[in-house]
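Per-chain numbering from 1; labels A, B and C assigned in written order.
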Amino acid sequence: MNNRTSPLMRAYLLVFLLYLFLPLLIMGLATFNDSRFPTITPWNAFTLKWFDALFADGKMWEALWSSFVIGLGVVVLAVPTGVSAALLLQSVHRRTRTVLYGVMVSPLLTPGVIIGISTLIFWRERFGIGGGPLLTIIAQASFISGYVMLMVAARLERFDRTLEEAALDLGATQGTVFRRITLPYLAPSLIAAAFLAFLQSFENYNTTMFVRGVDTTLTVYIASKVRTGVTPAVNALGLILIGLTILGALFHELRRRKASPA
Amino acid sequence: MTLLFRRHGWPLGVAMLLIVAFWIIVQVVLPQILMIDFSFRPNLLPSEIGGPKDAYTLRNYETLWANDVHFAIFVKTIAASAVVTLLTLVVCYPIAFHLAYELKGPKAARLMLVLVIPFWINEILRTFAWYIVLAYAGPLNALLVGIGVLDEPMRFLDGNGGVMVGMVYAYLLFMVFPLYNAIESLDPAQVEAARDLGASWGRIHRRVIIPHAKPGIATGCIMVFMLAAGSYAVPALLGSPNSRWFTEIIYNWFFEGGNWNQGAAYAFILLLLCVGFIFAMMRLFRVSLGELTR
Amino acid sequence: MTAAVEIDHVTQRFGDFTAVHDASLTIEAGEFFSFLGPSGCGKTTLLRLVSGFMDPTEGRIAIGGKDMRGIGPNKRPTAMIFQNLALFPLMSVAENIAFGLEVRGLGKAERRRRADELLDLIALPGQGDKKVSELSGGQRQRVAIARALAVEPAVLLLDEPLSALDLKLRQHMRAELRAIQKRTGVTFIYITHDQGEALAMSDRVAVMRAGHIEQVASPTELYDRPATGFVAGFVGETNRIAGRLLQGAAGYGVLETAFGPLSARFDGSDGSGHALYVRPERLSLGDAGTGNRLKATLDSSAFEGAHLLVSARLGDGSPLVVQVPNAGQPFTVAPGQDFTVSFTADDAIILAGEG
């Protein structure tokens, strides 16, 4: 099929890939430049001091902890919600299903700021609860549950329901059927959904900005550092996060390839 | 609903129903309704609530027309988001076409993986990368001055240009995927037939591929426009006081102006803008809602 | 354990559609009972009613004398072999077999022991730790049976279990199932659309069509004395000759047909659309002098080893199939030629209703 690709297209592809990766590369390289403002021009000297600056930053660790706790909270809320929603959708009439599905998916299409705003107003006006970690978890979960639901529903679609009937027929209670037959089948998608939920929560900015109160997540911290006093310590943090992301992605991809050699 | 209990039993069924009800009602529907309701109420002190001043009003919406600065920013946000959408479409179309039509099997999967990798990274970090590139003392300026295109560095980060470039970069994938799916579903034999009949590639794209890919184009445009118009992070990092975004004004109503009702009104206007854009796209490309759902 | 199953005036409706229409019969304890009929006749619905996945719209189902209404499939003394077997893919063979025991709270050692016993019973000794996906179709079949037998049901329900197997395996499994049933004494309720299967394995068969039970009888009785035209045509091969009933008395009747009057067994049932049914193997070549005679024109003949299958046409063009035993004499009729067949009144039966 390579003879289909004109040289013009090849050139465009190259430029496109450069456009995608070059900024990231520059950002990574700037971590090691001994310059107060993150840049690679001019290149002063190779240094690792920005990593030290990063690890010494107490506020960064606080923000990291906050992101972690909120992420965990979102997983705890969104995964059971998504699973319940996926199972519920299978057990309702077609017309109800369409409407429900639409409502469940709507937060995924709504701008993040609107989700943040509506959650903030609702909880402050109705329950007197203001911005903070709890509200952040609730706001983020409102759309992350949708992602979980989609992932679980996809796996559930290929589930052989007669397995549940067979288990019932052999004397199992419905709870046992769920625990021993349905959940183990769904387990791979649950684990994947949990990871996705955590990552989505971790990187969220638009919604979090409205519901965080005085709390700071790592992403919020990075953004604020960029606007007020940026140093390559931010690059150092970015490089570490990118490294972890790529490692995680490679790990996931290798595991997937091992499971289904295709 | 009885099917749910028949399948899972009462304890489990009730638990599931309650969890989903909490999600739908408390997390999704009610906050939205309350926000809209809030936008039609005036900004009152706690003591005034329930009193004579507590009546529905359109005042919060009138503010946008009355305030020239806000209105200008609102219009600019729409226009700039439209430009971003168009730019993203133009940039992504060749890639989507190459991926869908010219590559097959493992090669396509590999390129797909390569394209997706940047998008696993935090949007804030990716935007920050552009912050460094576009900086006054940054590498782009150094390059342009160095090869003589510019006499002196340009302030890319002062004004809308930087913000728009950052948005195109941030939301690329949301255009590539719908386009890819749409083009991929085209029967290659149609293109072969057109070539066989003597059509040039320009004509083939115009008359065969693009019409088929309309739902994908519409979906991609909708996604990118909504992300751009509702974007808070990118203008925050790459923008300047000269290039405020509508979302920033909304934020200020909440956390600097202290008028949540006003903020809610602006937020609802933003929501209406997005919904309106969806319908405009559907009309423009003559696609129905069913065709859009990927 | 074994029990009788009573189906008492059971009707099952799904919205406007009636799947089972006022079915009543009793399946004896320890019986191998089959429901036979084409797709959509209601046999699967009846099986699901007995197993407890739904309660009948009207009527009563009792197992061992106890009314089963409101009692779910996990509480009934039944176990089912599903058409797609429904073996748990994430569990080993032994875990599958022992699942019902695990649910009943049996200890690990005891479960292992019972599973091994059953593995011996189904001739798969020592295969307990294998994954289900490693087994062949026939082996999986047997694991499904072992899993169901492990819970010692009073009634075993089998939903067309052999339909996915190849011919040789199917025939082998028929004998196996029969042997297991005889050995354990469990009541078997078997549903199938394959009449050869039903006849070969069952003590009694219920023939169903469009939600109605046409006849309940032993295989020989179904074959020799079908109660309706449908049964006569569905069970085994038959020739059908329409006519008008002239007279009927004392177990015999005369049908006026296009080929003259024909006499056959007749139970005196009223109705319209009477026809005479005679099986291909009951027709003898040649004119016997007395009894019924038919003249036919030969289409073709097929040598099938033990017999010759002759396809012919009667005077009005309708088909006639004759099965001629291979007794050593050559068949000298050529295609297009006429020949005569004879049969006595005892060889045929007159039934009302369409075929």
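Just so we're on the same page, a residue touches a chain if its C-beta (ideal position, glycine included) is under 8 Å from a C-beta of that chain, and two chains touch if they have at least 3 such contacts.
The structure presented is a predicted model; accordingly, all values stated were derived computationally and were not measured.
Asker: In terms of CA centroid distance, which chain is the most far removed from subunit C?
Answerer: B
Asker: Per the contact rule at the top, check every chain pair and give me the one with the most C-beta pairs in contact.
Answerer: A-B
Asker: Which chain is the middle one, judged by CA centres?
Answerer: Per-chain C-alpha centroids compared to the overall one single out A.
Asker: What is the distance, in whole Å, between the centres of subunit A and subunit B, each centre taken as the mean of its C-alpha atoms?
Answerer: Centres of subunit A and subunit B (C-alpha means) sit 17 Å apart.
Asker: List the centre-to-centre spacing of subunit B and subunit C in whole Å, with centres computed as mean CA coordinates.
Answerer: Centre-to-centre distance between subunit B and subunit C: 64 Å.
Asker: If you average the CA atoms of subunit A and of subunit C, how far apart do the two points sit, in angstrom?
Answerer: A distance of 58 Å separates the two centres.
Asker: By the touch rule stated above, which residues of subunit C touch at least two different other chains?
Answerer: Answer for subunit C, listing residues that touch two or more other chains: there are none.
Asker: For subunit A, write out the residues touching at least two other chains, lowest number first.
Answerer: Residues 173 of subunit A touch two or more partner chains.
Asker: In their shared complex, at which residues does subunit A touch subunit C?
Answerer: For this pair, the touching residues of subunit A are 160, 162-163, 165-173, 176, 181, 184-185.
Asker: Under the touch definition given earlier, write down the residues of subunit B that touch subunit A in their complex.
Answerer: It is residues 1, 3-4, 7-9, 11-12, 15-17, 19-20, 22-24, 27-32, 34-35, 38, 91, 94-95, 98, 101-104, 107, 113-115, 117-118, 120-126, 128-133, 135, 137-139, 142, 169, 172, 226-227, 229-233, 236-237, 247, 250-251, 254, 260, 263-264, 267, 270-271, 274 of subunit B that touch subunit A.
Asker: Hey, which residues of subunit C end up touching subunit A in the complex?
Answerer: On the subunit C side, the touching residues are 51-53, 72-75, 78-80, 82, 84, 86-90, 99-100, 103-104, 147-148, 151.
Asker: Spell out the residues on subunit A that touch subunit B in their complex, using ranges where they run on.
Answerer: 1, 4-5, 9, 12-13, 16-17, 19-24, 26-27, 30, 37-42, 80-81, 84-85, 87-88, 91-92, 100, 103-104, 106-107, 109-115, 117-126, 138-139, 141-142, 145, 164, 173-175, 178, 199, 202-203, 205-206, 209-210, 219, 222-223, 226-227, 230, 234-235, 238, 241-242, 245-246, 248-249, 253
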